[in-house]
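Each structure below appears as structure tokens.
Shared chain: chain A. Partners: chain B in the first complex, chain C in the second.
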Partner chain A sequence: MKAVLAWASPVQRPISILRGFRLTLGLSLVWLAVIVLLPLSAVFVRGFDEGWRHFAEVAFSARAWAAYQLSFGAALLAAAINAVLGLLLAYVLVRRRFPGRALVDALVDLPIALPTAVAGIALSALHAQNGWIGQWLAPLGLDLAFSPAGVVLALVFIGLPFVVRTLQPVLEDLGRSQEEAALSLGASRVRVFLRVVLPAIAPAWLTGVGLAFARAVGEYGSVIFIAGNMPYRSEIAPLLIVIQLEQYDYAGAAAIAVVMLVLSFLLLLGINALQAWQRRRQEGVA
Partner chain B sequence: MKLRSILLLLSLVLAWPLAAADYTLLNVSYDPTRELYDEVNKAFAAQWAAENGGSVRIRQSHGGSGKQARSVIDGLKADVVTLALAYDIDEIANRAQLLAPDWQKRLPDNSAPYYSTIVFLVRKGNPKAIRDWEDLAKPGVAVITPNPKTSGGARWNYLAAWQYGLEKYGSESAALDFLTRIFRNVPVLDSGARGSLTTFVQRGLGDVLLAWENEAFLAVEELGKGEFEIVVPSVSILAEPPIAVVDKIVDERGTRAVAEAYLKFLYTEAGQELIAKHHYRPRDPETAARFRHRYPDLRLYRIGLELPSWSDAHARHFANGSSLDQVLANARP
Partner chain C sequence: MKALGVSSRSLVDALPLLGALSVVVVLLVMPLLVVFTEALHEGLGEYFLALREPDALAALRLTLTVAAIAVPLNLVFGVAAAWAITKFEFPGRQLLISLIDLPLAVSPVIAGLIYVLLYGAHGWFGPWLAERDIQIIFAVPGIVLATVFVTFPYVAHELIPLMQAQGREAEEVAMSLGASPWRSFFTVTLPNIRFALLYGVLLCNARAMGEFGAVSVVSGHIRGETNTLPLHVEILYNEYNFVAAFAVASLLALLALITLALKSWLEWRHGDALASGSVR
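Our next item is the complex of A and B:
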């Protein structure tokens, strides 16, 4: 809301192709409620079906804590890795012209298109002790498959496109001229990156990382094939939900889901706040 | 009765344009029975077409037994269920009332047209010298089993290990400790028996797989000739995977006759032959005698004898807060 007003006030009311502010706002809120809020509130209600005690017993058991730690920890780590490597990849794709660039560009989307189970099976086949990669890493004591490291690996895989795809258009818009101007004025490369490029791409970057993180927290299909799924060790929270369902404990499954929802929401809210802060700071500078 | 005959008449009238009816059935089964039912379905379809005209096509669905039961409870339209243990069909009867509670008395041999047991699959030459259940608890032995919460086979092997521990070490707490030591050796929990077989055979993980006897044979004879060996422990468990027609679904879909014929086919000579071919132990004495050389004699614990009934076993070992949860908690690093 704030952003919309701030945008609207200095200029005269912008001409919009969307007429009827109230109608469109109302429609979109109803749509959001039906598509997002309704199912989520059903999860909340379900979670307390069998009372607070049952909720706490399942949602805050030692096993559940271990699963949250793994799910959120691995998702954060994967998002951080994607933040760095995704930025690099996006930068290379936008700024460099090399043979096969179109091919690489198309490859980036593959982790979204691929059924996640296929990704999980492929990754575990590669990284198992007898896999193409695993056979070389295993003697070094690096067992990626069937361990928490495998979880991070799968989450990096599925999260990559989100960072790259949100950064690409922004980097394209940015153009080279500002960078070139800064360089010609004697700024070092690092300084140009930090003071010119980074502020311009930071909001999109954060969005991409946030999306990659959110996707990773909820990921199930690819992870279960490579995680090992041992309770307290390599069991992700979504798997624990499925296990609760399989023993017909629907309230317990919903209870874990509620905790995940709240934690995810808080983290995403944090990322949004960071973005807003960054934007304000930038506007202050400009 | 009258209503039923009217419905029958109505369905006949409606089905008239199709001439001799074409049926499709959905068989919701547990994880390792893919190959068995592939062949059974073909054989049954041929027999049905010869005797009744019209075609019958049977679709199969496979997965961990508990998971499959839940799918049916949640609305998967299974005409027949062929699961790994009676408890899972009991759950369908109790929770969704899709079939009569006494379903297990409707077909011979506790509605289990074959039985099987749990054996060990080890790598060639048995490098870790695994002979019996107690060897699974030794430090440095990696044990592969599916998750007992989701897999029927895993529940059978958990109960076998439990009973072994109870008899050998003399108390429940000692049995719990024994299971804890075994689960400390488990690096991966797959949701079904086939997933564990893949982990052991294709991913090369683990020193020993606790497997259905038929899965162990499949690995030895087809997946990796010469790479694996079967170790038969001193004692194991009598596993009776039962079958049932899901009353509500077959009545709704008008498939009762063909579904019942399908299950009965498993008890015929042809059905028993296929069962034995896929390394399940046949019930028919003649067929059993012919395949006798394949199945080692060993003592088998029985549900309802050494072991409690399924509902007791489930409450004590597999429900929330039961012995399995304790074992997993104790086994954590």
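Our next item is the complex of A and C:
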């Protein structure tokens, strides 16, 4: 530990007289190692406890493939829906003044503040066949509860704030003078959006959608109540991990977790690259 | 379009607002309302009866206990990490920032799984713990660990951008005037970051009290012992005891509403003392 701290001692500055570097960095590193890094590395080791064969049998079984497809597919679809809904909400919150705007603005964070289990049973009650919304959709053949569509619905709920909150500051910075200039020169609204607004907000938009996607991929609580959890049809990957654990197949549970973690970390790298792009863009504007 | 006159033009103008409001009502307001109407479905008497039930009270106590342990731990860690990262320069600084955010990219179920793999009966330290009669998984320590993991980044994430922007001059002045390091921290740093700290603690606490996936994996679901409020909601719901499930859920929904109200108040009243635009 001492060697690490010596290696990491601060670059000498002429007048820095602040204290506590070793104490705070040491505390942070120990806490990070004990809570995050050691436990996470256990997944990668335990996943191969019973050999590559067992790993592949569980991690790439037909049931697991179906679960990955649902978790990533539904998350992608939900992120695409949130791209539209989030842009709409962010646009209205930034550009329109209407009574109750502050309330709507506060409510956007509800999916972050509301425990996921509560969201799960609430969405499930709303969209059940006799629910407030379900009773209108059921005659149309749109049965959201207990189907893959229900999974998408829950993930749309969970991801919405990410898109709105990343877009809001960028839209505020954009101002409306450029748009008004283009409009007054006779450009159509669609053209103004495509040529003026879209290029300015693209990095933030993609970042927000990426964050919503990343959150949705691993989501568990809000989904399991509405999904019906039928193997091969509406069973998400995190649930499959829980099922392996209930059968005391630790290596199997860890194997599925390895696949999910690797995909999630790749996703995170992509999002970091997007955020760097967005920052460069904002600095370029400022 | 022009031939249709002013009214259709203003209709087109109103469309985005109407669309956005419908999204808010269907996706956000109705789920919130349905929790309270289902909870009060059979009247106030049944509602309070469900909340006074011993298992519900035990779940409430456990949820408060877990948050009371996990939040202060992450508060100390968050301040320490932010101090090291923003007041000093060292190689690997950027990597440390990324690692702190790592738990946000991990599925809650995996957050629970990792501790089962370490401390469960068949985990790495399982036999060692069993010999000493220490139980972590299917007990309160496991629930605390999983909660600490999922709330790990919240405080640090709020403090780092703010303390980065504030720089280190204020503390350097205090120190050069003879203040001790602790005195300079408590009289100079802390007042500068107190609202961001409160903001981070607020979000950290909401997640700690509401966490479901991670806690569900390590809890063992023992009624009256290792059931937190969100887990108790699940049990009641799966027993088709809907009034009680939604009654307990309404407590958590109230917690969410209080969190949102405090959060909005902080943003509105002390927005300039917070780091801008962060969401998770």
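The working rule: the second predicted complex is superposed on the first by the 224 of 286 C-alpha atoms of A that agree within 3 Å, B and C clash if a C-alpha of one lies under 4 Å from a C-alpha of the other, contacts with A are read in each partner's own complex, and residues count from 1 in each chain.
Definition applied: contacts are C-beta pairs under 8 Å (C-beta built on N, C-alpha and C of every residue); 3 or more make two chains touch, one makes a residue touch a chain.
Note that the coordinates shown come from a computational prediction; the quantities given were computed from them, not determined experimentally.
Trainee: Which partner chains sit in contact with A:Pro169 here, chain B, chain C, both or neither? Use first/second/both/neither.
Mentor: The answer is second: A:Pro169 touches chain C but not chain B.
Trainee: In the superposed arrangement, which partner chain does A:Leu198 touch: chain B (first), chain C (second), both, or neither?
Mentor: neither
Trainee: Count the residues of chain A touched by chain B and by chain C, then name the partner with the higher count.
Mentor: C
Trainee: Looking at the overlay, does A:Val262 come into contact with chain B only (first), chain C only (second), both, or neither?
Mentor: In the superposition, A:Val262 contacts neither chain B nor chain C.
Trainee: Is A:Ala254 in contact with chain B, with chain C, with both, or with neither (first, second, both, neither)?
Mentor: second
Trainee: With both complexes overlaid on chain A, does A:Leu245 touch chain B (first), chain C (second), both or neither?
Mentor: In the superposition, A:Leu245 touches chain B and chain C alike.
Trainee: By the touch definition at the top of the document, which applies to A:Ile112: first (chain B), second (chain C), both, or neither?
Mentor: Touch partner of A:Ile112: chain C, not chain B.
Trainee: In the superposed arrangement, does A:Trp132 touch chain B (first), chain C (second), both or neither?
Mentor: second
Trainee: Considering only touches as defined above, state whether A:Leu142 meets chain B (first), chain C (second), both or neither.
Mentor: Neither partner.
Trainee: Of the residues on chain A, which ones does chain B touch that chain C also touches?
Mentor: In chain A, positions 125, 131, 245, 248 sit in both the chain B and chain C interfaces.
Trainee: Can you name the residues of chain C that touch chain A in the complex?
Mentor: Those residues of chain C that touch chain A are 16-17, 19-21, 23-24, 26-32, 34-35, 38, 76-77, 80-81, 83-85, 87-92, 96, 98-100, 102-110, 113-118, 120, 122-124, 145, 148-149, 152, 168, 171-172, 175-176, 181, 185, 203, 206, 209-213, 216-217, 229-231, 233-234, 237, 242, 245-246, 249, 252-253, 255-257, 259-261, 263-264, 268, 276-280.
Trainee: Chain B touches which residues of chain A in the complex?
Mentor: Going by the criterion above, the answer is residues 58, 62-63, 66, 124-125, 128-131, 145-146, 224, 228-233, 243, 245-249, 252.
Trainee: Show which residues of chain B lie in contact with chain A when the two form their complex.
Mentor: 64, 66-67, 70, 73, 91, 95, 147, 149-150, 186-191, 202-205, 318-320, 325, 328-329, 331-333
Trainee: Chain C touches which residues of chain A in the complex?
Mentor: It is residues 7-11, 13, 15-21, 23-25, 27-29, 31-32, 35-40, 42-43, 46, 85, 88-89, 91-93, 96, 98, 102, 104-119, 121-123, 125-126, 131-133, 156-157, 160-162, 165-166, 168-169, 211, 214-215, 217-221, 225, 237-239, 241-242, 245, 248, 250, 253-254, 257, 260-261, 264-265, 267-268, 272 of chain A that touch chain C.
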